[in-house]
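These are the structures in question, set out in turn.
Okay, so chain A shows up in both of these, paired with chain B first and chain C after.
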Partner chain A sequence: MTKQPSMKSESISRARFGCAIGAMHTAVAIPGTVPIADCGPGCADKQYISLVFYNGFQGSGYGGGASLPCVNTTEKEVVFGGNDRLRELIQASTKVMKADLFVVTTGCISDIVGDDVASVVGDFQKKNVPVVYAETGGFRGNNFIGHEEVVKSIVDQYVGGYDGPKEQGLVNVWTELPYQNTFWRGDLIEIKRILEGIGLKVNILFGHGSGGVEEWKTVPKAQFNLVLHTWLGLSVAKHLQAKYGQPFLHVPVIPVGSIGTTSFLREVGTYAGADPKKVEAFIKDEESKYYKYIEEFSEFYCEYFFGVPSKFAVVTDSAYALAITKFAVNNLGLIPVKVIITEDPPEEHRDAIREQFHRIADDVSVEVEFIEDGFVIEEALRNSERRPAIIFGTTWDRDVAKDIKAGIVEVSFPASYEVVLSRSYVGYRGALSFIEKIFTVTISASA
Partner chain B sequence: MAKINLETTAVESREQRLGTIVYWDGNAQELSEQSGYSKKSKCGKGCNLCEMKGPFTQPSVCSEQMVECQAGNVREAVLIQHAPIGCSASQSMYNTIYRIGLASRGHKVENLRISSTNLTEGDMVFGGVEKLRLTIEDVWNHYHPQAIFVGTSCATGIIGDDVDSVTEEYTEKLGIPVIPLHCEGFRSKHWSTGFDQTQHGILRQIVRKPTKKQEDLVNVINLWGSDVFGPMLANLNLRVNYVVDMATVEELAQMSEAAVTVAFCNTLGTYLAEGLEQAFGVPQARAPQPYGVLGTDAWLREIARITHREHLVEDFIKSEHERIAPQVEELKKKLKGLEGFISTGSAYAHGLIEVMRELGVTINGSVVFHHDPVYDSGDESQDTLAHLVDNYGNVDNFVVSIRQPFQFFTALRKNNPDFILIRHNGLAPLAARLGIPAAPLGDEHIAIGYNGLINMGNLILEIIERKRFCQDLSKHVTHQYTDWWAAQTDPAILAKHPELIWDDADTAEAIPSKRPEPVRDGAGQ
Partner chain C sequence: MGKKIKQIAIYGKGGIGKSTTTSNLTAALSEAGYKVMQFGCDPKSDSTNTLRGGTYIPTVLDTLREKTKVNAHEVVFQGFNGIYCVEAGGPAPGVGCAGRGIITAVQLFKQQNIFEELDLDIILYDVLGDVVCGGFAVPIREGIAQHVFTVSSSDFMSIYASNNLFKGISSYSRSGGALLGGVIANSINQPYSKEIVDDFVKRTNTQVVEYIPRSVTVTQSELQGKTVIEAAPESAQADVYRSLAKKIAAHTESKVPTPLEVSDLRVWAGQWGKHLLELEKQNGAAESLIKV
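Entry: the complex of A and B
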């Protein structure tokens, strides 16, 4: 249903997300999968150069970047329709590029002029060409919304129906948005590692730990879906529940550090019916390693003459904001003074997000603000009642950080002053890297 | 040449004005002969070259991005992207470049100021002009800018928002130029139309009618490059006015008072230089570009002629020749035997090949992202490709390809150079995967002038050492092209034989046969 636009400004300066077609990177994140961008000449480049390159310089891997097939729509297709051109490009793509799966993502032009993408792609599907499509015109929403569309398209059009037995202990994990989250590659590897540690078999589905389309074909067999995010993936899990009769477990807090990770593993282990002895043995082993480093770190943390800052602000998407705030408060004893949620989460999830922040610790409750516009975010930080000494934010926040003399730790898109390879900030191991980063930034600025 | 038409808000696209093409394959000599300047050209100036077209394409770049990187980088101005939010994703790229540019020129480093009207589904149905009004008021209240640019998008172009009326209304209401820039990506096949559109808007609404002349002021049309022109032209007692990026609105306004206009490359500067000449009487340098000793000599003499500094120029040229000669000789010894490959925008590539050849580096191949058969002045002194071919010889493999990695893959494997020079993203990583190091020329000015020879020589000596990294990498990566494509030696084969894509036997090879038939439900519904 199309709603009449409101007469309130919704302008956004210094964007912190892409649009729905940015979810072509959801396809790129599946090994062996190549998106086909049915869009104008700049759309694919814009999403790539921002979400992938000037965001930790992640690299586009096999199927993305400047290499993916793209229509580069011209006036001709706008006027006469783009079906023939798309058909030609899909056919040419199968000739030129090796892919296990092609994912057509449409842009504004195709969606506005009403190209019959379903029919064009359908013809190839009838010939058993592995290709699916998702309608991801930028006006439909941001790349978080596009991500769920692409995932459902792959499930419905490629993975298909299934009524066979479920595999006990197999879990599909729906968590961070690939590429948008600067650290998703390392994070997903760590999430997979710890879940395997308690005896589960993990479909991580994206990134270097994924088995590509062969793994996706086992999605319907999983015992359950794990949604490890404040909201992203919930609609996917509900879709899978209806489609395959799969239950899902929703854990809104991505665990960072021992306290969160241990309770996360116990919760998932119990839900999955994992062997408690195995769960506890893994936790014990991980904690013992983790706390050796923490013990050594404590010498710096408690004795650094010149002091380390306490008050922090977080400016990022709701899931990472929650993960970071929980860790910073509960593991490090830092003080949250401002939390700004930037990914424009759907209205129906906002109360649940607020509620999570009310329960950061027994005695710590935070009121979050939902803001997407850069100018308003900067004003909120600048005018914060209590001045943050560290901002967990983006490249956009460097200027305001300088103004209010705060350290800046870039944790979110765009993170253009970070080079990220396998670094993770979640789980047991990621938390140690996160500590290294936070305090390297703060003491580097000292003199 | 054709009159620059400042009556309408929309610029004529580059293909309409200049006959620009984005797909061609042959050698540089042929291309020069078939272009508009050539007496051998069958159809005269500004004609359409025979352009190829193929069924397989990879992402290009759009005009709106060039608006973003020019209008969005004017200090004290704000750019509004009248678009769904996706068009704003690239702000992060242009912000990085802007910040680095500000730092290199000694300006205060700060984020760029671009705001999106953030159009959503309802706006596609009901129109987005009201949101545009609200956004104009937002940026006015937030920043009190001296000018507001409004760039359009594919979406607003199709739904037909009347942007011109709104910008006109607010020009009056706010008392500053509010400038419509029509830059729908689908309207032009080459992004450089976005340069032209930005410059068109500036010519129409920012450049002032000159009431005085600044006889020592040189407009330098450039991007974010370091301050190379300033020190060089100071030798002729001239000051530079860098435009468009990082200029203030006042620096744009005063362009009409300058003595002469030059550009770091004609691809970027052709429209603005011609517009300043036609509409404001500021002459443009009718000279080769300032690359290599030959080009730089002629370029300096032309500037000296226009600014009446002939008495200064010969001494400067002589002393510069003497200064760089021993260094260039030393570099030539070290670079001996190396072969390079150039892949950048069109006129810039012509200049870089000249620099390489003066350094004794072999260049047999180049992929340029487009070709302008003629520039806006129509003056043969600006025929950069002929200047290259006539003075430095042919380039055997000369491909016009709009940043198409699959063609670049074929062209590189055919030429197998020791290094490539590159501008624009997306191709250097491919070269690295093939074991070939690339020098990405982020600072476009390092190749300019006499120092350009030394800078480029030293850069190449550094870059070729990266082959250790690239060759190691090349042993451990797989490329994404089918065996069929990898076996091709002609980067333009699909343009010549598009029917090949329908050869089902080969298509089957692209799809692993072991794949079980996918079970589908809901497909195509």
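Entry: the complex of A and C
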């Protein structure tokens, strides 16, 4: 595939991420936790509507969406500062809403005006009110950056110091960004399942498989941190390493399908010192189930050889793009013709991301492009030297998919034509759902 | 169609004598028969003190803090010779956004058409020191003031603040903002002070409107909580302000200045520094000659 220079435009149309305060959903993703948005009403609502609603229609959960307490900043708070209003809101929220933990996420106004959120929240903390704050003004970056801020705030201000013993076999998992990743709920359940399968005890920390703040309190006790992402969570793991002396294992490829998942489990098992017999027994059991389905699917795959796509494009964040590309190449034998990374990963991680894509398989290497602007992405897909027959992208890419007569599988924010509940695309079970989705789209083209 | 109100913004580095100059100018304009308002745009809210016997008035923002809706008449107070005095005010130091406060206060007056209602001839905005953020630039944006004057001494930091203001004026001038009327040279007692300011205005394509000498009459008047016009109407200093008022009342054409780049400004200041040192040496030599 030919290398195309990364194109930069002065604007971002059809955005594929939220702003830093979108990380209020990091709090929503922790059971029993309620965010308090220190921003204007528009900011809170927009992040919810985009990241949660028109993205798989995930539902607002216990403390998100319409239940989310918000300062609703007005001109008065701009001119005179919003400390009093925030204090009032925290007071009222703790009275009205039952929660194990409140997380104040600040927006641009509060951060620019210079509200002293630390001291307002600090006063409550002194009275043992479970509340923390994170500075997530939009100008600080996107919701990926905001997520790491929120996580570190909870660790530093709520979980606190720990110098007791570590629990062998307990692992903290830092992986997909909740809500931003349309399938995070199902994916995290599957990641937890497979890691438990090889004998580990898993702090999955977010979603329906998480034990909420009680689980977070055990973060410092974990034997190690597992960063299962191209880059997100690395700064958290380094922070925990410095704070609790915890080592971390970085696995950039979220495993999809048996090949990736099996090697992932062996790598983690070896690192954790898990019983190899248990690891292999679990793998054997999972693979036997997995391949039964694959065997049955192979009839369709062979019969429909003329209708299945061979070339694909991926337009999503770096972690899911890598996971999907690896799976599509190594398990399905498809050829990547265009990979566009859309989450604006920090500069320092880009070479490592590029390097991962150079090693998709022994004989497959891809040059990725980092693009955030919807128009430029559309042009890159439309003018791709080799036309993709299927695009793993977002709702934004439907128009260009139609124009170039490609199928589209929505795998990323915004996925507004997908209703997602517990569906996962990772691990053993998720891969089967992913295959179902890919080939349902393919076969539907002739309907 | 009503008459066109002349709206003037006066800027300058903090402590340079901006409020003193503005208040005396306002008083002189009023004395000359114009209906004038002085609008203090500084969170310190002491711009109009000498027009009201040294007293403070409730500010627009103090009033807005208490209630959501404010009738602008509640925050207009009359001072010497019927001059209308307004103080925008600001948040407590260290909190909130004073710049936005100025915008809020000015907008409140515009929305309620108070200037027209009071049938004003001239409004003078006395704006806090440097143009630190967009809020303090609001009087020079489109639809507020037409003319800007800066009060400056020959002190480098004061010239630097004026140059910054010129930058603000040139950028807003592209979207119909206020233009520069000129520099009001303040505390000009030494011959070299005049030369420095003259050289600066020449390089930045503007003019000196008036040279105002440092005077003890000003201090004496301010200690009584009054302007020179009120406290010492017969003094020479009062006549200087009257002369300034006359020029400002007659002023019609403002221009876009050509501010210096910071590096050029530093070189320029350096050259003047050397020149002044030489002057000092010569004076020193002269003094020692006298001693001998």
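As a working rule, the second predicted complex is superposed on the first by the 434 of 447 C-alpha atoms of A that agree within 3 Å, B and C clash if a C-alpha of one lies under 4 Å from a C-alpha of the other, contacts with A are read in each partner's own complex, and residues count from 1 in each chain.
Assume a contact is a pair of C-beta atoms (placed from the backbone, for glycine too) under 8 Å apart; a residue touches a chain by one contact, two chains touch by 3 or more.
Bear in mind that the values here come from a model prediction, so they are computed numbers and not experimental data.
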For A:D115 in the superposed arrangement: first (chain B), second (chain C), both or neither? second
Applying the touch criterion given at the start, work out whether A:V268 contacts chain B, chain C, both or neither, answering first, second, both or neither. neither
Comparison of chain B and chain C by chain A residues contacted: B
Considering only the touch criterion stated at the top, classify A:T94 as touching first (chain B), second (chain C), both, or neither. first
In the superposed arrangement, does A:N83 touch chain B (first), chain C (second), both or neither? second
Intersection of the chain A residues that touch chain B with those that touch chain C: 75, 77-78, 112-113
Chain A to chain C touching residues, read off their complex: 75-81, 83, 112-116
Quick check on the complex: what are the chain C residues that touch chain A? 61, 64-65, 68, 90-92, 94-98, 100-101, 104
Chain B residues touching chain A - in the complex, by the definition given at the top: 54-65, 80, 83-93, 95-96, 110-111, 113-126, 128, 130-131, 134-135, 137-139, 142, 153-155, 158-159, 184-187, 189, 191, 402-403, 405-406, 425-427, 429-430, 478, 480-482, 484-485, 494, 498, 500-503, 506-507, 510-512, 515, 517-525
Where on chain A is chain B touching in the complex? 2-5, 7-15, 17-22, 34, 37, 40-51, 53-55, 59-60, 62-63, 65-75, 77-78, 88-89, 91-100, 107-109, 112-113, 118-119, 121-122, 125, 128-130, 132, 137-142, 156-162, 372-375, 395-396, 398-399, 413-414, 416
